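Presented below is the structure to which this report refers.
Chains here go by letter, A, B, C, D, E and F, matching the order in which they are written, and residues are numbered from 1 within each.
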């Protein structure tokens, strides 16, 4: 069961209202790597976890992330406090209010639709979705996902710190950013406390494919590094010669019973695309009598669209 | 520039049509950890990458994931080949067709809406969304995210392998699963080839918060482990005593100019919730003259809803 | 700041695993009227609220809803406990596992994608979205929305109670359902504690339109009731005669400067649809020489599609 | 069956084109509380309604909301009339067109993607989704939801009126806003015409939980009001002492058969997180030889991130 | 299988960084008619296609669209190259960085959330969704959808060309735009190579309804054209007289067995809306003692909301 | 302005309730090519249209599609009439109700969440989104999109007709399907009434790229047809030799000022991936002492995953 103390985990002191900055900070409130995503990620993992140590860890951090959600949401609420009241009370001339809600980000939507409260959207107004939560219910996967998620959240906080000079906000964001570092460390410890954590899951890979590196992107810029070269790697450069990997014919097939096969053939016959004819098409009808638009006379060898544009305007 | 050879990277041999199994396999076609997600994850990272080695690696693997998308999509197309033709040609009685498309998963939608082609949805028919791609444009973040994504894809393949006994499908899924292991290894090498990769980004954390572990979930089941105990951790158990972490008052505040402050007060006054009165409410109006529904007489001390249900049915 | 005690707000005793039932219960975990929606609705309102009484109320109930999220999620986790382990360990034959995850609802996705953990989706696997949260930042609106939301949650719990006979689950759902009733009562009290709460907001309506009832749907079935008849209503039945409501010409117009007007005319001329000609179309091309498909000879006066179908099959 | 008269329900006279304002008005076209949401809410309820009076009411208002959708959409079309033509005809220099479509809101997307037509998005360009419609198919729920929805729409119109000084737009918005007030009144009448409308549905609550108020958020700011205090409420302040509410052990459990239990134990053993060791982790590898980033030497007791930033820049 | 050459299909030369323009160009990267949509549309169709000619065509164009995705994404990456580095390195004062990422479009989100990489969103930051792909698995449908999709993509490129004067970008967009024209021509040829392609599918229409034109929108502005007038059309103007089209009673009915019918009646009786009473409502409670807000005295015959607003402010 | 007559455009006679069939029919209610999508597509186009003939056509068909939405929704309501009442009244044993709502499709969600009313989702429960509407505001594009949309709707109706043998439903679906054919014909006429309708828009293509066919997918299965062969096409087969199309270097570049260039270099240096070292990785740590999982000894040359699985189980 959850309980709540009205004091925040970190004191929020905002220097002055700024709805545009508020809308940017939403990235860590209702954005994909924000605090709701973090809290829900760990909370849902915690509920399904069998291991008591990990369950405790997940619930500890989930609960703390809810407190972070409260801190970042409180900053947003403070930054919007002025515009919320002014729009509710119609306390300014229309044109001034229009300016006030249009200063940047998606602050216009935050004011008009959400009334200046902290909304669970990202900085473009996209509503938070549980599709952001990538929990798989397997501990070595989920811990890796959590490590990655903490590192993403850290970076977004770093970017937000870099764009504001309000010292109170900077300080609170610094606290939140640092806690992501701490959480990443905890999840790393938990991952490596599972003795045999790679590859994830139970099923081993097939040896001949596990050390193969397929050099699918070639041409100038092909590089070597420990990720594709060295003792452990069998590198495939001649793609066509080694296709398919299994030595088969590389086709897709399915065994059909006779009756089904007949129906498939019937469908194929009915929708046959006859390659032998050159039919008149709707585009031919629509290109008009002169079909002038793309004739060589009009455009010559015009290599760039700037010429084409000029000619088109002249038509 | 991309090029394509009509042979698959791995030969697909399906034993017999099965639209319900097809709809489950969509998890790795248009699901959150499927091959489109993988391809787009690495492709978008590759385009924005400054480091030539990582750029090459990302484009190599992105291109291979597109080929995997083709393999899994071809399996789905083969499994649906029969139902597609039968529904198009109306080759069965209505009731039989109804049964054929309703055998499990979301195969009904796959047949009716997508005509038996491989659709970019997950196994519940949820369309793929770029919200699944968690690229941040920072290499140590993105590589951690890629490592996690490969481990998730590996697990989903493992689960799919566990539920089908079609040997051709099992074999192809085994190939795809193993390639995820290989890709994870490559991304691990690339991450650790960046000398100073933790914490991600440039900005360090604040020392006093980086080693703090906040034990927010307490009670029976509290555990110790290397993730919260040991030399490197300062563990906080007495939450109320240490709240807030910064030693301030734990409140949220913003400095308002006089005029704005007046408007805020005006709004507060207009929408004051008067705690002194006990008003009649809409629920009071609606509870009806007898208001019998929740009176103690009817329900007694009914401790469980089974009793309540029985009583309700008897009313 | 949030804190957590590992005991649940209500004890969960599940009689036996049942992943299909688990997927139905998700409606109150990650569905539109589920506990996450409730918690986030009140939490975001609470952060932006100026009135101390309402702020306290909103945070109290938000926190309790998080505890309910934990209860319903724990039921789901218990119902999935078996299938999660069996799929992870591949402890059953493939065909049996396939059956086990395909027993109903979207349990197949819950197993394959989410590994049997409680996922933040509804019972069709649609991920939770903050678009479910309809907070407007105006107290009389938001309290009405909260009242409605509690009533919706109550109904969904009632439906879930009606479809399960597991006594432990029924009892816990009964607790959760009842708490929605209590919360609705609290929100009703808070709404009516605002002296002048109708209409919401500050701006009054225009008198002549506020009591008008427009009878737009006519014909058999037209009814009278206190919602459209009586002293307070001015009912409009002759729609064409009273159109538009303002007595103007009912057209949409905008004043354009001369230059813009010329460009608008140029666009209109370029894309003019000439009503005088009867052009040959792509459909004409495509209907084929015989155009037999819809000729009267083939289909006669076929009144119902059953005939048409029969004839089509015979073609 | 629907019919249409080309005259609008309210005459639209726009003073001059303004694509940025157009994009804000979309809130009531394709936003969550806009006219499409209203129309679809009542229309879908009307189709499923058994009660002839409510069915008539719902279809009347649904039809009127479609006419409102037409009015607000026509305003948007007028505001965009200039930019639509100028972009289609390339009638301005590139830089001027760029400025014209970038004046605020999401007018850039409205021009580029939707060509200046009224698009079914909110003011941030988020496409309308049926997830906004919260119909439950129970009349006392749905009427409460409708009352709340009308109050939300009223508030958004009020905000839009407050930010524009175009008299023709203001007048039309005033008409639309007032109609929401009228509709709310009708739905209130319909709700209270159901004799016993609280609690919604058929199943009563459990008495002991229906009057309980759980004071989950404590600390400074705890308030009393009719929503938590008074004769009808049993208030719970000592949370830990009364946990869980049912007097049980507060744990989640499920009865497993022997075989399943063995598999669960196998999974737990395989993925055991060993709390006794302190493993080296990926973060340890990545922190680099100096691990300097977060050492106390570099950062000292830096209390705020401003110091940390300065030091980081100096590194 | 896919292969990749690191050279682009068209050389990208960007004159200078411009993150706001970058965010507009995303319309063709991750927007609904952008290159990912095109590639996935043709790729999924190709996998399910039975006809070898169409399969080849679809895979050719799908592969080329992936190369276009690479071109447009590379332009975006170049336009963002500066801001990406500056934000990562915190190389500018906070206020300057804030300005740099707030110059227009949704460039703020592209910088903060995606780090300046090309993200799969549209120009408002809405993530790409497979819901954009309208593949039906029927060739005459899908080819028509492809023709339409190419024409949409052509128009969006034309708009983007019209708003930028960077010659390198203009030239590359011109190439991409022209390729859409070429692709449309190919799909037209493929459609008309199917002999009998209209109506799509196998089932013919019912003759009496196939040539009927229902003039549902009447009043000033009613027009005639070849789409509703002429030999092939039977035009219905008197809507009420011809309703319903089948000559029945125009009602919806279902046959219920006796037991079900009784339950339906029970539900109807329990939720009866009694039209005879005029109940007091929540709105009546909330309108307050004076109910002054909408009294005629205050507002008089105020015809426009401007008056109402003035009066409201005066209150 | 819209008006409504309570008679349907086509009489609905349903033989017996069937919630699973109801959930399949939702495809044409709230699915991507269903009637709401059609109505909103034409309605939004109509509002923004300058040409009076097309405007009239669009509003006529938009209005008729709303009437179709009513017909299909009424069928759904009839099919759900029984289950709606039974679930509301708890008129069956729990296990029977559970069976009744779990008969197929997503009828469980339709019952639990939407109460048996017609919900605006597709047959998998995915909520309708305006992302389905592909209106561009250019008439030749939009008419092509409408033609395609009508053909898609026709096909889905055909599929639904093929799976039900209820004669009343079949007949009504036949009417609706046929109207799509009629609408397609009208839109074709309107498209070809625009004199010069190909290519869409105003800007011509660049001649040298407009007739080029790029044969990107090669290998067995390469085909010729009028879409890639013949007088009008210049076919490119040697991809590497003609790369890039413009004869440049095929690279992406941007001109940076000196200061920006320095920051870019700084970022590149800080995040350099050193290809010379072969670092120990997290996967190395996690593979465990034996790292046995993928050693050749354990798996041998196991070619197929069935072997691997067997061996894994044996471990």
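Simple rule for what comes next: a contact is a pair of C-beta atoms (placed from the backbone, for glycine too) under 8 Å apart; a residue touches a chain by one contact, two chains touch by 3 or more.
Model, not experiment: these values are computed from the prediction.
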- Message: By that same contact rule, can you tell me which chains touch subunit A and subunit E alike?
- Response: B, C, D, F
- Query: Quick one: which chains contact subunit B and subunit F both?
  - Reply: A, C, D, E
- Task: Tell me, please, which of B-F, D-F or A-C gives a repeat of the A-E interface, judged by over half of the contact pairs matching in residue number.
- Result: B-F
- Item | Same or different contact residues where subunit D meets its copy subunit A, judged by the half mark | different
- Computing the C-alpha centre of each chain, which chain sits at the greatest distance from subunit C? A
- Task: Starting from the mean Cα coordinates of subunit B and subunit E, work out the distance between those two points in Å.
- Result: 25
- Message: With centres defined as the mean C-alpha position, give me the subunit B-subunit D separation in Å.
- Response: 20
- Query: Where in subunit A do residues touch two or more other chains at once?
  - Reply: 1-9, 32-33, 53, 56, 59-60, 62-64, 67, 74, 77, 84, 88-90, 106, 113, 115, 121, 124-127, 129, 131, 136, 138, 140, 147, 155-156, 161-162, 171, 174-175, 177, 181, 184-185, 189-195, 198-199, 201-203, 205-206, 210, 216-217, 221-226, 239, 243-244, 246, 250, 264, 267, 270, 273, 275, 277-283, 285, 294, 303-305, 308-309, 312
- Task: Assign the assembly's chain-to-chain touch graph to one of these shapes: line, ring, star, complete, other.
- Result: complete
- Note on the structure: The answer for subunit E against subunit D in the complex is residues 20-21, 24, 27, 31-33, 90, 104-106, 122-126, 155-156, 159-160, 162-165, 216-222, 239, 243-244, 250, 264, 267-268, 270-275, 277-284, 294, 303-306, 308-309
- Message: List the residues on subunit A that touch subunit F in their complex, please.
- Response: 140, 191-192, 194-199, 202-208, 210, 223-226, 230, 246, 273, 275, 277-279, 282-283, 285-288, 290, 292-296, 298-305, 308-309, 311-312
- Note on the structure: As the complex stands, subunit E meets subunit A at residues 1-7, 50-51, 53-54, 87, 90, 93-95, 97-98, 101-102, 106, 108-109, 111-113, 115, 121, 124-127, 138-140, 147, 161, 167, 170-171, 173-175, 177, 181, 184-185, 188-195, 202, 309, 312-313
- Task: In the complex, go through subunit B and note every residue touching subunit E.
- Result: 1-9, 30, 36, 40, 43-45, 47-48, 56, 59-60, 62-64, 66-67, 69-70, 73-74, 76-77, 80, 84, 88-90, 113-121, 127-131, 133, 135-138, 201-203, 279-282, 285
- Quick one: in the complex, what on subunit E touches subunit F? 5-17, 32-33, 52-53, 55-57, 59-64, 67, 74-75, 77-79, 81-82, 84-86, 88-89, 91, 126, 129, 131-132, 134, 136, 138, 140-141, 144-145, 147-149, 151-152, 154-156, 158, 161-162, 171, 174-175, 177-179, 181-182, 184-187, 189-190, 193, 198-203, 205-206, 209-217, 221-228, 232, 239-240, 243-246, 248-257, 260, 263-264, 266-267, 270
